[in-house]
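The data blocks that follow each hold one structure.
Shared between the two complexes below is subunit A, which has subunit B as its partner in the first and subunit C in the second.
And now, the complex of A and B:
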C-alpha cells in the first residue's frame, strides 16, 4: 500500500487529489494506493468571489460548497487542521492527535493574511481577502458617502496580484453608478516604482488608472497606520490621510509549515519546473505556499496541480516523472462593473492584456459559476 | 491589368510620402479583385461605423482567451469527457430508457402530487398483482445486480 496525502482543500489541493484519483483509479480500486486530502474546513470556498462580495454582488451560497461534494469518491477526506508535517517518520499530525503516514506528500495549504504585522492595520483598515473582511467592506462601502478611499498594497506577494487594481477600478464604477464619484477620491498605492510588480501589467494599468482619475502613489511602503488620526505613515517618511483604508495585508504560509521546518524566508522552497520541494523526497508544493516567482493565484495552483498529479502518478508506478510546469498563469481583470480583460503569461512570455470588453467580463462571470467543474478537475 | 496597376501605383504615389509605396503583390491583388474588395471594404466600413466590427473583435478576443487558458492536458481531458458523455448518450440502452423515462416520471409525479395517504404494506403488495409493476421491479433488480463497481 502506498499512501498519498494532499494537505489543503483549496483549488490546488482539490484538483490535485481529483486528478490523482482519476489517474490512479485502478491502483486505488485494487487497494495498492490510498489517497487522502487533509483540510481544516469542511467547506471549499471560491476566494475570487470575495472581490464581488465586497460590492454586494454575490453571497455565500454562490461561493461555498461542501468539500466532500467536490472530491472524487476515492479520495478520503479528513477535516482536521494540520499541526505538523514530519519527514522522519513520514507522517502528517493533525489537531485531534491523529497521524497519517505518507509515501508521497503534496503541500497545497495556501496562504493567509497577517494584518497584525502592520501596526494599526487591524484596527483601522478593511480588506477583502477573507470572507469576513469582504462582508464588512460591503457594509462600509454602501454607507460611504464622501471622502478619500485608499487602496493600499502593503504586503507583496499577496493572493491574486491584480485584485487591488480590480478593487480600484470597481470602486470607481461603484461610485459613478451612484452619482457620488465627484465626492469620493480614490488613491491607489504600491510599494515599488510602478503600480504593479509585473512590468507589463503596470504599463497597461497606469493609463487605465489615470483615465479614471484614480491617484497613484508609488514607492509607498506602509510602516504603520495611525487609527486615531486616520493616517498611513510610510517608511519613506510621508503621510497619507484616509476616510476608508482598504489595505492588502502581508501574506504568509500556514504556520504549521514553518513549525515543520519546511519554509525558507516564509515560503516552501520549490523547484520551478518539477514543483518538488527542494531537499525533500517524494514531496511537492502547489499554489500559494511555494516560493516561486509566479502569481499567488488560483489558476497557477490549477495548472501546477496537473504537473504534480502526473509526476506523482508516474512515481507511484515506478516511472520517471516528465511533466514540467512552465510558469503558466491566467487571470481575469475586472476593469469596472461591466467590462474586463485578462492576462496570460509564463516564465518566458510576458502578459499582453487585450482590450477590455463586456464579453470578457461575461466570460469571468460565467467562469465564477463554472468554477466548481474546475475544482472537480473537469477543466 | 498593367494599366490598372499603373493607375494604382499612381494613386499610391500621392500618399507615398506618408505611407510608402504599395508593395507589388498588394497592388496585383487590388487590381485583380478590385470589385469584390471594394464591396468588402464598404461592408467593413459600415460595420465599423455601426460598432459591429469592434464587437466582432471583442468576441474574437474570447477565442484567444480560451486558447490561452487551456493546456494540452485540459483539452485531452475535455475531449475524453465529451467522448464518454456522447458514448453514454448514444448507447441504445440509455436511449431506450431515456425515451421511456419522461412518461414514467410524469406518471409518478402525478401520483405523488395527490393528497392520498401513502399506501399501506398490503396496498403495496396489492400493486404487485399488476404485471407491469412486476416487470418494472424486475428491471430495477436486474439493474441493481449490475451496478456495483467491479471488484479487484
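And now, the complex of A and C:
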C-alpha cells in the first residue's frame, strides 16, 4: 500500500486531498493507496472573511465549516498539530506522539503572522490576519470617533497582497457611511516607492487612494513601534504618529517546517512549475509555504492543488507527471463597501485591473458563499 | 570573472505580485550585512525600480547583467 499524507487543512491541502480522492478512487477502494490529511484544528476557515469580519460584516457560521464535511469520504482526517516532518524514516509526527508514514507528502500548512518580529507591534497595533485580530479590530473601529488610522504594510511577503489596499478603501467607506469621515484621517504606508508592489496595480490604486483622501507614505519601512508615544519609527529615520495602527505583520511558515529542516530562508524551496520540493523525493508544496515569487493567496493554493494532485496521482500509477503550474493567480479587490475590481495573471501575463463595479463586488460576495464548492474540489 | 560570490539567488522571472523588487527585499532581510543577493527579473520595469530602490535603501548594486532570455540578473550587496 502506498501512503499519501497531506499536511494542512486550508484551501491548498483540502483541494489537493479531494482531487486526489477523486482521481485515485479505484486505488483507494482497492486498498492500494491510503490518503490522509493532517490539520491542527477541526474547522476549515475561509480566511478572506477576516477582512469583512473587521467591519462587522460577517460572523463565524459564514466562514467556518467542519473540515470533515468538506473532505471526500475516502480521505482519513487527523486533527492533531504536526510536531515534525521526518524524511528518514518518512513519517509525520504529531503532538499526541502518533506518527504517520508517507510515500508521498504534500506540504500545505499555510503561513502565520509573526507580529512579535517587529518591536512594539504586538502591543500597539491591530491586524486582521487572524480571526481574533479581525474581531478585535471591529470592536475598535466601531468605537473610533476621531483621529488618525494608519494602515501600514510591514511584512514582506504577506498573505493577500491587495488586502492592505482593500482595508484602506473599506475604512474610507465605513466612516463615510457613519458620517464621521471628516474626523478620521486615514494613512496608508508601503515599503517601496509606490503604493503596491505590482506597477499596474499601483498605477490603478494611486488615484483611487487620492480620490478618497487617503494619505499615502511610500518608501516607508517600519523598524519599530513606540507603544507609549503611539508612534511608528522607520528605517528611513521618520516618525509617524497614530491613534489606531492596523499593521500588516511579518509572516512566516509554520514553525514545525523550519524545525524539520525543510525551509530555506524561512520558506519551502519549491519548483515553480512542478511544485516539487527541491532536494526531496516524492514531496510537493502548495500555497503559502513555498518560496515561490507568487502571491500568498488562496487562489494560488487552489490552482496549485490541481497540478500537485495530477502529478502525485501520476506518480502513484508509475506514469510521468506532466501537469505544470503556470503562476495563475486571481484576486478580487474590494474598493469600498459596494464596488470592487479584480486581477488575473500568471507567469507570462501581468495583471491589469479593470474598472471597479458593483457587479464585481457582488461576484466577490457570491464567491464568499460558493467557496465551499472550491474546497470540496468541485469548482 | 565577477569579484563577488552570490549567497542567495531568486528566480523572479514572470513574478507579477509581489514582484522582483519585493523578492529582493525579502532576500536582503534574510541576509547578513555584506552578503550578496541576486534576483532574476523579466520585468522591464525592474531596470529602473531595482537600482532606484537599492540606491535609496543604501545597499550596493554590484551588477545588472542581461541574460540570453532577455531577463536581467541584479546583484546586490547588503550594505546596512
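What to note about this one:
Keep this in mind: the second predicted complex is superposed on the first by the 379 of 379 C-alpha atoms of A that agree within 3 Å, B and C clash if a C-alpha of one lies under 4 Å from a C-alpha of the other, contacts with A are read in each partner's own complex, and residues count from 1 in each chain.
Note that contacts are C-beta pairs under 8 Å (C-beta built on N, C-alpha and C of every residue); 3 or more make two chains touch, one makes a residue touch a chain.
Values in this document were obtained by computation on a predicted structure and should not be read as measured data.
After overlaying the two complexes on the shared chain, residue contacts for A:363 are found with subunit B alone; subunit C is out of touch. In the superposed model, A:38 makes contact with neither subunit B nor subunit C.
More residues of subunit A lie in contact with C than with the other chain of the pair subunit B and subunit C. Once the two complexes are laid over each other on the shared chain, residue contacts for A:308 go to neither subunit B nor subunit C. By the touch criterion defined above, A:199 lies against subunit C but remains apart from subunit B after alignment on the C-alpha atoms of chain A. In the superposition on chain A, A:348 makes contact with subunit C only, not with subunit B. By the touch criterion stated above, A:29 is placed in contact with subunit B alone, subunit C being left untouched.
Those residues of subunit A that touch subunit C in the complex are listed here as 156-157, 161, 191-193, 197-199, 201, 219, 221, 265-266, 272, 293-295, 327, 329, 343, 345-348, 350-351. Here subunit C touches subunit A in the complex through residues 8, 10-23, 25-27, 29-30, 43, 45, 49, 52-53, 56-57, going by the rule given at the top.
Taken in their complex, subunit A has these residues touching subunit B: 29-31, 299, 303, 306, 310, 328, 330, 342, 344, 354-355, 357-360, 363, 377-379. For subunit B in complex with subunit A, the residues that touch the partner chain are 57-59, 61-62, 64-65, 68-69, 71, 73-74, 77-78, 81, 149-150, 152.
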